[in-house]
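Worksheet: the structure to be examined is printed underneath.
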Amino acid sequence: MKEIKLFLGPQHPGMHGNASVHMYVEGDIIKRSYLLPGMLHRGFEKSMERRTWMNNIALIPRICVPEPDTNEMVYAMNIEALAKIKVPERAHWIRMIILELARLSAHLMAFGGIGGPTGLYTAMYWAQADRDRILTIFEEITGHRVYHMYIVAGGVRKDLPKGIENKILDFLNDLESRLPEYEDLVLNNPTVRARTVDNILLPAEVVWELGVTGIGMRSATGQEYDIRKVAPYARYEKVDFKVPTATYSDAQTRMTLKYQEMYQSINIIKQAIDMMPGGKVRAKVADGSALRWRVPAGQVYSAVEASRGEYGYYTVSDGNTMPYRVAVRGASFPQGLLGVEKYMPGHRIDDAPLWFDTMGICSPEIDR
Amino acid sequence: MDKKSILAPFKGWKYLFKKPVTVAMDDIFKNPRESQDNYRGFHINDWAKCIGCGTCSEVCPTNAITMVERSDVADEEGSKPERPVIDYGRCCFCALCVDICTSGSLSLTKEYLLNSSDPEDFYYMPTEKGITGKPIKLGYVKDETSDLLDLERKHMEHVGEDERKGSFIEIVRGFSKEQAIAEASRCVACEICTKTCPAHMNIPEYIRSVWNDNLSEGVDYLYKTNPLPSVCGRICTHKCEGACAISQRGDAVAIRWLKRYIVDNVPDDEYEKVVLSQVSKKGDGKVAIVGSGSAGLSAAYYLSTLGYEVDVYERKAQAGGPMRYGAPKYRLPDDITNRDISFIEKLGVKIHTNTDVGKDITMDKLKSTHDAVFIATGYPDTRPLNIPGVDNKDVIMAMPFLADSADFERGSAKMPEIKEKVVVIGSGNVAFDVARTLVRLQNMKYGKSDVMMAALENRQQIPADIEEIEEGTEEGIKFNLACGPQKIVVDEKTGNVKGVEVCECTQLFDENHRFNPQFDFDARQVLEADQVYLAIGQMPDFTYIPDEVQSQMQIERGKIKTNKNGQVAGVPWLFAGGDIIKGMDIINGVANGHDAAIGIDEYLRKNKKKS
Amino acid sequence: MNKDIKNLVADIKSRFELVGEDYPKDDQAALDFNSRDIHSVLAYVKSQGFRQLSILSCVDWIKDNQFQLVYIVFNWETGIRLQVRTRIDRSNPKFTTVTSIYPGAKYYERDVHEFFGVEFEGNPDSYKQLFLENWDDMPPLRKDFDSKAYSDRKYPVREYAADFSKAGDKK
Amino acid sequence: MDNTVEKQENIRKGWDGISRFFRANSIWMLMYCTGCCAIELPQAMTSRYDMERLGMGPMATPRQADVLLITGYLSLKTLRRIIYAYEQMSTPKYLVAFGPCTLNGGIYYDSHAVINRLDQYLPIDVYIAGCMPKPEAVMNGFNDLIGMIKRKEANGWKKYEQNKDWYRKNQIQALGELRIKDEFHE
């Protein structure tokens, strides 16, 4: 049969985000495929070298659109490690609430997003409506729905507004009661199951070969490979939560894990609200006005567990007011580039968007 | 397939009976929903508060804010007539501008609606009204946590009052390197201080030099406009700090101490290299300068960097004027003054001490041997007080006393005659100098002090610096404020002073803010004292100027009228500067000296061309 | 410092020549090696449980005329992270690929090649453009590349007509 | 004779009005998430803000779409594809630009990879301010566009046809060449 070249994206309803896959197909089967990234390349790593340590807070959330807070967190962690800042206790807990809310919002978006390639638009409608409530909570805490610029080096920018705890709890209880319906709607849906069960496999060897992290890794290896457990940050070591794992990774497993993680996030936030102490929320980064903050020289890497896996920044300071170099490890870089090249071939064309969705790929963080 | 999954789709029907999640059309279009309390929407700027410092523009990560000069905003002390303009084609709504705003004038509103097909609509100068013109609800405002300025001044070490009140040891210890860099990093480089400083010193630049730990560059900046940085680093009246943008909400940057830090920490040889490198050598001529205070020395320095031959005439034994004979040594040690003057002398300036113009050498002589004359003779005399009994020998004038005391402090004279219980009349900086010097002398002589200050002003009106009041109080000075001296009480038998009779001063300024003291003559009391010191102000002495020259000059209330470069109106070869044209202030003198040097240079070059 | 890291570094020291070391965090060590040792070091640490290459990055030390390659590896069992670093000449930046040890490095090497111009011998695709298209200047993350100047040269900026210098003009 | 011309003219006008009415109330937007502002589009499209109340819906292919949304910054690589997409769309076509990045570069004003002014390369009918615009702002922007279509003011596409050379010149200045072989992997 003749090999035909197909483009999936950048403008394609099945493509979430601005990226393109070049597929060479024979009949329905993908023979070779490559990702064409860079549509969202903005040169962040360069722009950050041109802005002061504080100013970069405006830039970094924009690297990953669905889950910007992880960027803020790793950036802050790096500065704190370099400048040896002791973050106030309360700030740790607030950060954890923010990060988990962000994880919920990203998971909801991805979970609903599965409705696109499977034709189950109800899932998307529900998930977006629930996600909107998280965004409203974010707006109240941080001042904006999507780009929060809230977690800053030394703590958080402002204390939580009064009474927000109850709003969060209300929402969490509501969501918790609705999650079983999502299970019925998506996970137990025969149409979806027909597409996802035993499809798009991710064996453990592949995980190690590519360097896939996050749900992909945990669904294949059966181990609690979660940075929140392995190398805890914020105050994750003090809350009690489980990391869902599995040993057989198909699209259905990965969705199920995502679904189970939402429960864990709800659980963590509830504990955090309960255990959060009072006190200050921000420590000083350096002397003087923000225009003149200097961070001591050094090179450090920090990573957090984003909804898609290990999200890290490598920060180099030469002791000046601006970073000397920041390198971003997007969580989906390995599976997005090498994974598409090596492991998308063999699947059917119509599974390509599904492949993308369940592998957890976010193009802005690949392109940076 | 089980039964559950068949029925599953119908479960969704229960939402028919629940409150819809959809936002109503009216809530989107007619009355758009209000944002949450913290929302970062469009800007508003309270013009009454805004000082145009431009820090918002400096911090903006998107370069969205430009400062535009407004013709309808007054150019006042402590502010710039500029206001921010925001380009919503850049702004990313991060609110860093709000967090760093020095005056707290900038805030964000809850507004979020702005659509247009005209890009010009997105370029906007925020006012109190907001971009849409609708009633405004504040969104994001800064709080203590989000503030990006450092409002607290770094602690400066002082000598404790017990140690200092018995000696003339310098009180302020000076910044360490860490402290200086930390203090320098508080500056936002708005340049409002530069505008306010009479000498227009490059303050943000030399603070940046401190911050970058490049002190010889700092010295270079200092000498561009001030050849007496060591002295000014200690006793300048620091108007700059009053104008500092940080002082809008916090402590001003310690500009004076940072200047002092630079000069104290640059080694002499490096210092000399910088100072001498400023010489440009092109002028040709000879200039006489009368008086070696700040104005005279400043003019001398800049004239000699321009290549002129300069003679400075000083009637006292040492050059420096009030730096030498006014400022007490606990504020300005002698070697500091020596240091500044020695660099000026290294440029070739000749200082003739013990030469009283008018007596030892006449003005006419000076005029004939020099191409121009610069007079900066200051306010050497104390203003007299016309009340009964002031001619007593125990009523002592401030300026001669300070000069005598200065000579004593440097070991070239005996201690002035002081008694155990004294009253100082006046509350300016000079009065405090007198009082605090007296505290020290009394402690040295009697082991205790009893100094009372009496002044017309009440505590809020005291013109002296706040540190003087605080430190003076710490040293044990007592105050009797808001009182007007009526007479000196003298013991008729011995002729000794017994005290000062004062009555209450009920009002100092009238409704028009003019000086117009009112007294309650019934509320009288006598402040007991063995000696009374008068420090109610100074005045000039123009007797050395020949009458025919004086008749061509215009002198009003002790000030000579000049053009902006110090050229005396009516007498083109004569230039004046310092206290006698501007009023008492060391930094005014420095500025006048610099201006006069420029004026004299212009005048001489014009003359050269003619001849 | 973490005890595991101490043992690990001692172990590495006994096997390879360590040029420098730094401990930016409790569970992180930054180790500098000669560039000839990098492959054996990476192969060794991979056998010691550092199964994941988190990122391969590059730092342009323009004053020293050197590029620094940084391999960040992670041990999921112990939570220890290593920065394996080496410096190479900046004027002719070449290195050998590590894809045989960490296959995931393939695209990171392309990334570093694209943004710094470091060539990786043995990585067949590393010379191809990945994120940029029709790029016409030096690799953009080099320190001597001025992105603002490039942007100004290539993409016009809007000049607004509104004049706010006096009262009454617009709004 | 005149009568028939007038008659035809009236018919044309009437037809024009009718077609504008339908155009304005059934806008298909091209599903192309070009930048970060697209993250609020799912909110606007789904049950919370329900864009379909304005008669708007997503469309998969450029040829059937009426409006192209530029959701934020445009890297060069996307600009090239946007131009492909825009030129494929059939007239009348409209362009809505989101956020500051399309106006004057936004936070990426100094980036080597992102253009500063979109109106140099494509004609824009409505700008929406905000980084990023809230769904309400997006909806209001669309409402404005609908009004403009009704009032015959959304004429960006005509401008593009008339000044194509100027646009093309700018496009080429930024992109080097407009059409390149998209085969970087081979």
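When the chains are written out, they are named A, B, C and D in that same order, and each has its own residue count from 1.
Definition applied: contacts are C-beta pairs under 8 Å (C-beta built on N, C-alpha and C of every residue); 3 or more make two chains touch, one makes a residue touch a chain.
Only a predicted model underlies this, so the values are computations on that prediction, with no experimental measurement involved.
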Comparison of C-D and A-B by number of C-beta pairs in contact, larger one: A-B
Separation of mean Cα positions, chain D and chain C [Å, integer]: 39
CA centroid of chain A to CA centroid of chain B, Å: 54
Centre-to-centre distance between chain D and chain A (centres being mean Cα positions), rounded to whole Å: 30
Chain centre separation (chain B, chain D; CA means) in Å: 58
Junction residues of chain C - those touching two or more other chains: 130-133, 140, 145, 147-148, 158
In chain A, residues with contacts to at least two other chains: 38, 41, 43, 46-47, 50, 58-59, 129, 132, 147, 367
Where chain B touches two or more other chains at once, by residue number: 21, 35, 61-62, 87, 89, 92-93, 119
Category of the chain touch graph - line, ring, star, complete, other: complete
Interfacial residue positions of chain A with respect to chain C in the complex: 37-38, 41, 43, 45-47, 50, 81-82, 208-211, 213, 223, 225, 230-231, 298-303, 310, 312, 314, 316, 324-325, 327, 329, 333-334, 337-338, 367-368
Residue numbers on chain C that touch chain D, as the complex places them: 125, 128-134, 136-137, 140, 145, 147-148, 150-151, 154-158
Sites on chain D touched by chain C in the complex: 76-77, 80, 103-105, 109-117, 120, 170, 173-177, 180, 184-185
Residue ranges of chain A touching chain D (in the complex, touch as defined): 7, 10-13, 16-18, 22, 34, 36, 38-43, 46-47, 50, 58-59, 62, 65-66, 109, 124-126, 128-129, 131-132, 135, 145-147, 364, 367
Complex contact set, residues of chain B against chain A: 1, 4-5, 8, 11-12, 21, 35-40, 55, 58-62, 92-96, 99-100, 108, 139-140, 143, 145-146, 148-150, 154, 181-182, 184-189, 211, 246
